[in-house]
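Following this message is one structure expressed as C-alpha cells.
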C-alpha cells in the first residue's frame, strides 16, 4: 500500500495524550482518522499550533459561512496543486454546502463554478493572497466591500488562504496521501 | 438552471443527420448526452472535424492503453483549468482504469498520483507539450524511450495533449458546463 | 540537408488517394508542397481531421476577413514560438493582406503593428485564449462587441487561436521545418 | 506618521493577559515591541497559534543553527516581497550570524551571498517549497542529504519556508510596517 | 504615415555636428537612415553613449563572428518582443551570415534554427542573461567552455544580451518603428 | 576574501589614464572605490560608454530629483535581484533622500514604501519597462501624466530602468560584489 507520508507515522500509543485525544475524537466523529492528523503527530508542538490555527480560522463566527470558508480552502489548494487538501476539504465543502458538484468546480476553475458574485469576489481576493501577495492593495479591499464584506471578513479570507498556503506546502513536502474515504464523501445524497 | 454554454444550443431536429446520429448513439451508450456534443453541434463542420480528430487519437491502437490516454487528457485539462474536461474525462478515466481515485489525483498533481514511473514519464512529456512547447527537445524523447515508449507513442502522447489543449480552450471559451452525471461516474463499484 | 520533421515522411505513392490528391492540388496551386502536408500524411486519419478543422475555420464566411484570420494565426504562433507556423502563415498573411510588413510586425509584437483598433481587440482576445484561457470572461466578449464583433466572430477568433495552439504544438513536437519558399513569399510586389 | 497596519491596533490594556505578558517580555528583551505583536494581538487565538508555531520551528533543537533558520526566513521573505519580514528578520539574522552583511545579500539574491554550499542547498530547498511546491520530489531531498542534512532537517527547512509564507502573506495583507529600530540593528559592531 | 517614434524627431540641422556626421555616414553606407539614429538624436548625450556602447560590443575583435553577435541580438530581441530590433538586426544578420533564413528562425525559436551546437550554447547563455539573470551560475560558464568559448567570449555574449535588453526597452518605450527597407534586406541573393 | 568579480581586475597602473582619473576622483570623493569601477576597467571602451550613459541619465536636469532617480535604480535592481546595485544604490538613495529607511523599503516592495503617489506611479512605470516591456502602451504614459510627469520625464524613468536593467545583468554576470562600506552608508545620522 502507498505510504501516507514521506515521513514516519508514530504509533498512537507513543503520541502525547492531548494529541491522541484529538485523534480519537475526530475518528469517532468521522469514522476514520484523516491522514493529516497522523502525519503531523510526530511533531507534537507543530501539531498543536497547526490545529489551534486551523480552528481559530475555521471554527470562528463571522461574515463567512462554514461552507464559504471551505470554498476558500479548496480554491487555494487547487491553485497550489495540493492533492491532500483538495480531496479532503473538497469532501468537507460538499457536506457543508450540501452540494455534490461545487468542490470539483472550485478546485479546477472557480471562475466557472456555480457560486454567487459575492463568493467570486471572495475567491478573487483569496487567489491574490495566494498567488500575488506583493500586489495586494486598497483596490482589493474595495472589491470586497462592494460585495458587502467587512474588513474583518477580508482578514478571514486572507488568513484562510495564507494558512492553507502553509498547509498545502506541508502536504506537498510530506507527500501526504488523502484517505480513500474522502473521495466519495458528500457526493451521494443520503 | 445554469446554461450549458455561453453560446446557443441547437434543437436536435435542426442538426444534420450524421451529427444527430452520433448524438443519439452516445446517448444510448451513456444514458445521457455529454454537453460537448450539444454545444459543438451548432457548427457542424467543426463538430465533425473535432470528433474525427478525437477518435483518431483516442480510439486507435498503439502502445498506450485507453486508460493511459484518458490520463493524459485529465492531466492536460487540469493544467489548463478546464472544468468540463476534468470532470467528463475524469469519469471516463475512472471507468477505463477501474480506479475510483486516480482521476482526482492526476487532475490536481500527477506527480503525487498512484501511477507507474512509465506513466509519470508519459505525463511529464504531455505537460511539456502543454505548457512549454517551445523547449521540446531530444532529451524529452530520450526520457520516453528510457521508459519503453516508441516514437509513435511519443506522437500519441504529444498529439493528445495538443488536441485537448484545443478542447480545453474551446470549453473555457464557451463556459461549457459538465453534465451532473459525470461527477459520480466510476466512483462507486457496481 | 536538415530534415523536414523529427518523424519519417511517407512516399507520396504510399499515401491514401484522397490525401495524395490534396497534396497534389496544393502543389499545383502553390508551386510546392508545404511541409505540414508531408509531415502529417503518415497519419491519414489525423491528416484528414486536421485539414477538415483547418478549412472549417479558415475557409468559412463570417465577420472576419481571410487576412484577419491569418493575422490571428501569426500572432498565436508567435506567442507559441512556432517557427513553421509563423513562417508559413506569415507568407499567407502578407499575400492576403497585400502588405509585406504586417506579418513580421504581428509575429513579434502585435501591439506595435500597423493594424486597426478592431484588429488589436481581435488579437487581444486571441492572446487571452492562447495564454490565459482559464480567465476568459464576460469582459473579454464585451471588449470584442465594443469593436463591432458578433459573438459568432468571437467563436471564430477563439477557435482559430485554439486550433493553431494545437497546430503549433504538433509542429514543435515534430520539429517541423518551414519550406524555404515561404520566407520570401509576399515580400516583393509582383 | 504612517500606520503600523491597515487594521486597528488594540490598546495593551484590552489585550488578554497571556498576550500582554508576551508583549511586555519581548519589549523588555528588545527595548521595543516589534509591530507584528501589536498587529496580531487583535485576534488573540490567531496570535497564540502564530507564536506557538513560530516558537516550535525557530526555538527547537536540531541540525540547523538559529542563524540558519533566520537565513531561511529572510530568503523566503525576499522571494515573497514581504517588507516587514525582510527588515525584522534581517536584523535578527545579522545578530545571530554576527555578520552585518549577510541579511541584505540573502534577501536580494541568496545565490550570490557569502554562505556555505550547505547553506546554499538549504535555501534552494526552501525556495522550492516557497515558489514551486507542486514539483517537490525525491531529488530535492537527495540534494539536501548530499550536504549532510537529515530528513528531519528537511522538514525543518520546508516548514520554516511554509510558515513564513503564511507570515509574509499576513504582513502583506495588513500592510504591516517594520519598526524603525530594525533597520540598523546588527549593522554596527558594539 | 505612422510615426517613427512616440517622441519627437529633431531636424537634422538642429542636431550636434558629431551626431549629424554619424547619421550622414550611416545614410551613405546603407542608403537610408535607420530610425534608431533619428529617434535617439534628440538626446545627444544618450545618443553618444548608446552608440559608443554598441560599437564597443559589436565592432570588437574576439571569439565571436560578427554574424554570431547579430544572432545574439536577434534572439534577445525576439524574447523581448522588440519589433524594431528584430526587423533591423534580422536584416543585418541575414547579410552578415549570408543566410536569408536564419534571422526569422532565431527570432521565433532559436532552438529550432539551423545553427551549430556551439551557437545553440551561445544563445542559451544569452537567454539566461536576458530572462533569468538572477540564476546565472558556474554551470552556465561551464556549458560555454564545453563548446570552446573563453570567459572573454562569455562576457561578450552576456554584455550583448544585456545591452540589447536596454535597446529593446528603449524601442518599446518609444514605439520605435523599423524602416520599411529592413524587411527585405538580405532576403534575395544579389 | 571573496573576489570582487568572477572576472579579473586590472592593476590601476595598467588602466588608461582617463579611466584611472575617474577612479581616483571617485575614491577621493567617497573614500573608497566602488567595485563596479574596478570590475569594468578591464574593458576600457565599455567602461567609458557605461559611465557616459550613467551620467547622461543620472546627472541631468529635469522633472525628477536625484533621489527619485536613485529610487528607480533601487526598485529596478530589487526586481532584477541584483545584489551589487541594491546595496550600492541603496546607500546613495539613503544619502540623497536623507532617509535611512526608504532604500530597503523600495528594494523589497515599493508598493509598501513611504513614498508619494507620484513616486508610486513613477515606479509602476519603471517596473513595466523592467518586467513587461512588450505591453507598454498609451495608458502607461497617461498614468504618469495624471501625476504631473511630462513625456520627457517618462523617457527619463524608462531609460533609467532600461539602463540599470543592463547594469543589473552585467553585475549578475560578473558576480559583482558590493563594497562592505555601502551597507552602512546613510543609515546613521551624522
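Remarks
Labels for the chains are A, B, C, D, E and F, by order of writing; each one numbers its residues from 1.
By definition in this document, contacts are C-beta pairs under 8 Å (C-beta built on N, C-alpha and C of every residue); 3 or more make two chains touch, one makes a residue touch a chain.
Please read all numbers here as calculations on a predicted model, not as lab measurements.
Rotation angle for the C-alpha superposition of chain B on chain F: 180 degrees, rounded in steps of 5.
Distance between Cα centroids is largest for the pairing of chain D with C. Farthest chain from chain B, judged by C-alpha centroids: F.
Chain D and chain E, compared by their mean Cα positions, are separated by 44 Å. Shown for chain E are the residues in touch with two or more other chains, namely 81-82, 109, 134, 172. If touching chains are joined by edges, the resulting network of the protein chains shown has some other shape, matching none of path, cycle, star or complete graph.
Two chains count as a pair here when they touch; such pairs are A-B, A-C, A-D, A-F, B-C, B-D, B-E, C-E, C-F, D-E, D-F, E-F. On the side of chain D, the complex with chain E involves touching residues 109, 111. By the touch criterion stated above, chain F contacts chain D in their complex at residues 2, 78, 81-83, 86-87, 100-101, 104-105, 107-109, 112-114, 172, 175, 177, 180, 183-184, 187-188. The touching residues of chain D, counted against chain A in their complex, run 6-7, 43, 45-46, 48-50, 52-53, 55-57, 60, 80-82, 129-130, 133-134, 136, 141, 151, 154-155, 158-159, 161-163, 165-166, 168-170, 172-173.
Chain E meets chain D in the complex at residues 134-135, 137.
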